[in-house]
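You will see two complexes here that share chain A, one where it goes with chain B and one where it goes with chain C.
Moving on to the complex of A and B:
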C-alpha cells in the first residue's frame, strides 16, 4: 500500500464534506473525474466575497467594483500561470470545458473554417468534444473525421499522421480521456498538426486536476479547463488561447462588456479575452477558482501527479484480484481513474450496492458512447481519484465489489 | 377479482418496510428480478426501449379484455426487481385505474432514495411510459365505447 506523501497528509481534513456520512458509512468519494469536492479555503473564499466584497466587474467607478475587478483579474493571472500562458490576456473565463469547446467550434466556424475543411477529433472524446463540432458542421460545410484508437485505448498515431493534410484545419482532442484515463501525447500530436497548419484544441478537463500543464511546452493553440474538477466552485472554468489566434477568432456570444462600439447597423468588439466574455461573468466562482489554483500550487503539482500515479498503480493491482473484473482502458500512460466491468454484473447494480457502503463511483457511458461501442460494453464503472483519495478508499471499493459479487451472483 | 393498485402498493411497501437492513432489501429485490419471466428477445426492440441513462429498460404493452398487460425487462438486476414490482402493481389493471394511481410508491420501499425522480436508471421513465400507455388506451376505450 502506498504511503501518503507529506504534502498530502492533512489534505483530507481540509475538505469539510468528509465529516459527513453516506447511508451511515464514511464517505468514500471516487467520482472526482465528474466533479471534485471543495476545500474549506475555496468555500471560505466564496463566503468572504459574497459577504464582504461583492460587486460587479469592469462596469462601475466605485470601490467595490474596482476591488472585484482587481480580484477577478488576479484570478486571470493565476490561471495564466497555472497553464504557463505567455500573458493573462490569453485566458478567457467561461463556465467550463463544454462552453469552451462550443465557443471554439462556433467562433472558428465563423472566422476561420471554410467549406471542405476537416476537423479531426479522437475516438475517445467526451460528447462535449463531438457534438459542438456536429452542430457547426452544416453551417460551415466542414467534415469531421475520427482519429482511431487501439484496444488498449491508445490513439493510433500512424493513422493520425496519414489523416493529416492541408484540408485539416483543427485537431480537437482530450489530454486525458474521461472514460479510459489515457494520457494522450499532446506535444507530439500538436507538432504533427502544426506541420499542416492545423489549430490544436485540447480538452483539459481530466488533465488539469492531475498533471502539470504547460501550454508553451505542449505548443497547443487552445486548452480548455473546468474549474469544478480541480477543487474550484462549479460554474467557472477557462479557455487558454494563443493570443494571435484569439485575435483572429470571432465573438461567440454578444452582450455587454464585449463590445467596443455599438450601432444598430453594426458593432465593433473588444480585444481578447473580453471579446469572449459577454455579460456578467461568474465573478465569485472565478475568484474561487483562483483560490483553488493557489491550493494546488501550495500542495505542489509534482506531488499531486506522483500521488495520482501511486493510487493508479495500487488500484490496478488491488482490483486485478477481483474475479471477472476487466479493465476498460489499459494504455501505458494513464491518469486519474480506473474504468472496468465485472462479468455478469451490470455497472448500475454494482454502483447501487457500493453507494450503500458509502462509496461514490460513476456507472454509465460517461458521456462517451463511441468509446463504449469500441469496447463493446453498454457501460462501465469508473473510480476516479483526487488529492484527498487514500489507498484505504480503494480497499473499501474492493470490499464493496466483493459484496456486490456475492449479492448479485 | 384482482386487488386494487392501492392495495398492492400497500402490500409491497409493508413487506419491504418490514425488512430493516438495506442488504436484505436489496437481496429480496434481486431475487424478485431473477423470478421475473424473461421478455422475448424479439420484443426487446428500439421501439420498446425506455430511455434511461445507466441501464437499459424495455417495456411492451397490450390491451386484453380492457386491461393493460405489460411485459418488461432490464439488463440490470436491481432494475429488473423493481420492474417486477411495477408489473405486479400495474399489469392487468384497466387504463383508468392506472391513470388514477399514485406513482411514487416505489420511493417508499426504502431501496433507492428518490427513485421516481432520478433519471439515471430508466425506471422513472418506465413509470411515465406506463402512464402514457394507460392514457393512450384509455382514449381508445372511450372512443370505441362511445
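Moving on to the complex of A and C:
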C-alpha cells in the first residue's frame, strides 16, 4: 500500500465534507472526475467575499467595486500562472470547459472557419467536445472527422498524421480522457497540427486537477479548464487563448462589458479577454477559483501528480484481483481514474450497492457514448481520485465490489 | 401481504433478479414488445397472451438488464394475469406514483400488493426508469403499438 506523502498528509482534514456520513458510513468519495470536493479555505473565501467584500467588477467608481475588480483580476493572474500563459489577458473567465468549447466553436465558425474546412476531434471525447462542433457544422459548412483510437484507449497517431491536410483548421481533443483516463500526447499532436496551420484546442477538464499544465511548452492555442473539478467553486472556469488568436476571434455572447461603443446600427467590441466576458461574471466563484489555484500550488503539482500515479498503480493492482473485472482504458499513460466493468453485474446495481456502503463512484456512459460503443459496453463504473484520496478508499471500494458480487451473482 | 422492511424488500428484488419468474418466450403470444434503454443497455421483450374477453392470461419476458429492471419485469409478469388493458394501466399508474413519490411518504400498499417491494426505488430517482421500463413495454404491447419502447421518465 502506498504511503501518503508528507505534503498531502493533513489534506483530508481540510475538507469539511469528510466529517459527514453517507447511509451511516464514512464517505469514500471516488468521483472527483465528475466534480471535486472543496477545501475549507475555498469555502471560507466565498463566505468572506459575500459577507465583507461583495461588489460588482469594472463598473462602479466606489471602493467595493474597485476592490472586487482587483480581486477578480488577481484571480486572472493566478489562472495565467497556473497554465504558464504569457500574460493574464490570455485568460477568459467562463462557466467551465463546456462553455469554453461552445465559445471556441461559435467564435471560430464566425471568424475563421470557411465552408469545406475540417475540424478533427478524437474518438475519446466527452460530449462537450463533440456536440458544440455539430451545432456550428451547418452554419459554417465544416466537416467533423474523428481521430481513431486503439483498444487500449490510445489515439492512433499514424492515422491522425494521415488525416492532416490544409483543410484541417482545428484539432480539438482532451488532454486526459474522462471515460478512460488516457493522457494524450498533446505536445506531439500540436506540433503536427501546426505543420498544416491548424489551431489546437485542448479540453483540460481532467488534466488540470492532476498534471502540471504548461501551455507554452505544449504550444497549444486554446486550453479549457473547469474550476469545480480542481477544488474551486462550481460555476467558474476559464479558457486560455494565445493572445494573437483571441484577437482574431469574433465575440461569442453579446452584452454589457464586452463592448467598446454601441449604436443601434452596430457596435464595436472590447479587446480580449473582455470581448468574451459579456455580462456580470461569476465574481465570487472566480475569486474562489483563485483560492483553489493557491491551494494546489501550496501542495505542489509535482506532488499531486506523483500521488495520483501511486493511487492509480495501487487501484489497478487491487482491482485486478476481482474475478470478472475488466478495465476499460488501459493506455500506457493514464491519470486520475480507473474505469471498469464486472462480468454479469450491471454497473448501476453495483453503484447502488456501493452507495449504501458510503462509496461514491460514477456508473454510466460518462458523457462519452462513442467511447462506450468503441468498447462495446453500455456503461462502466468509474472510480476517480483527488488530493484527499487515500489507499484505504480503494480497499473500501474493493470490499464493496466483493459484497456486490455476493449479492448479485 | 404483510408490510416488509427494507431488507426484506431488497431480498425479494434480488431473488426475482436471480430467479426471474415467467422467464422465456411465449410462442402463442397475442402481442409482444421490446423495451430498450440505450443509456444502460437494458433490453427486454415482453410477451402477453390474452383470453377470449381480452384479459391477460399469461405474461412472460426475456432479456437482460440491471437487477431493478429485471425484478420489475419478473414481478410484473406475476401481477398482470387476470387484468384488462385498463386495469393494467391503472396499476402501472399507481406503481409509478409510488416510485416517484417523496421518500417515506405514505402510499396505498394494499392496492399495490407485491409491487410495494419497489418502494425503495423512491430513494434512487435515477433508477425510476429501470423499474418502469418493462411496464411501458407491456402497456404499449396491449395498446397494439409496433416497434420498440425506449426508456424515458
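Criterion: the second predicted complex is superposed on the first by the 409 of 409 C-alpha atoms of A that agree within 3 Å, B and C clash if a C-alpha of one lies under 4 Å from a C-alpha of the other, contacts with A are read in each partner's own complex, and residues count from 1 in each chain.
To be clear about the criterion, contacts are C-beta pairs under 8 Å (C-beta built on N, C-alpha and C of every residue); 3 or more make two chains touch, one makes a residue touch a chain.
In this text, all values refer to a predicted model and were calculated from it rather than measured experimentally.
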item	value
Chain C versus chain B on the shared chain A, clash or fit after superposition	clash
Touching partner for A:349 - first (chain B), second (chain C), both, neither	both
Partner, of chain C and chain B, that touches more residues belonging to chain A	B
First (chain B), second (chain C), both or neither touched by A:137	neither
Chain B versus chain C as contact partner of A:41, first or second or both or neither	neither
On chain A, positions contacted by chain B and by chain C	346-349, 352, 364, 378-379, 407-408
Interface residues, chain C side, partner chain A - complex	14, 17, 38-42, 65-68, 124, 126-127, 130
Chain B partner contacts - residues on chain A that touch it in the complex	23, 345-349, 351-353, 356, 363-364, 378-379, 407-408
Chain B - residues contacting chain A, complex	22-23, 26-27, 30, 53-56, 75-79, 112, 120-121
Of all residues in chain A, those that touch chain C in their complex	346-349, 352, 364-365, 377-379, 407-408
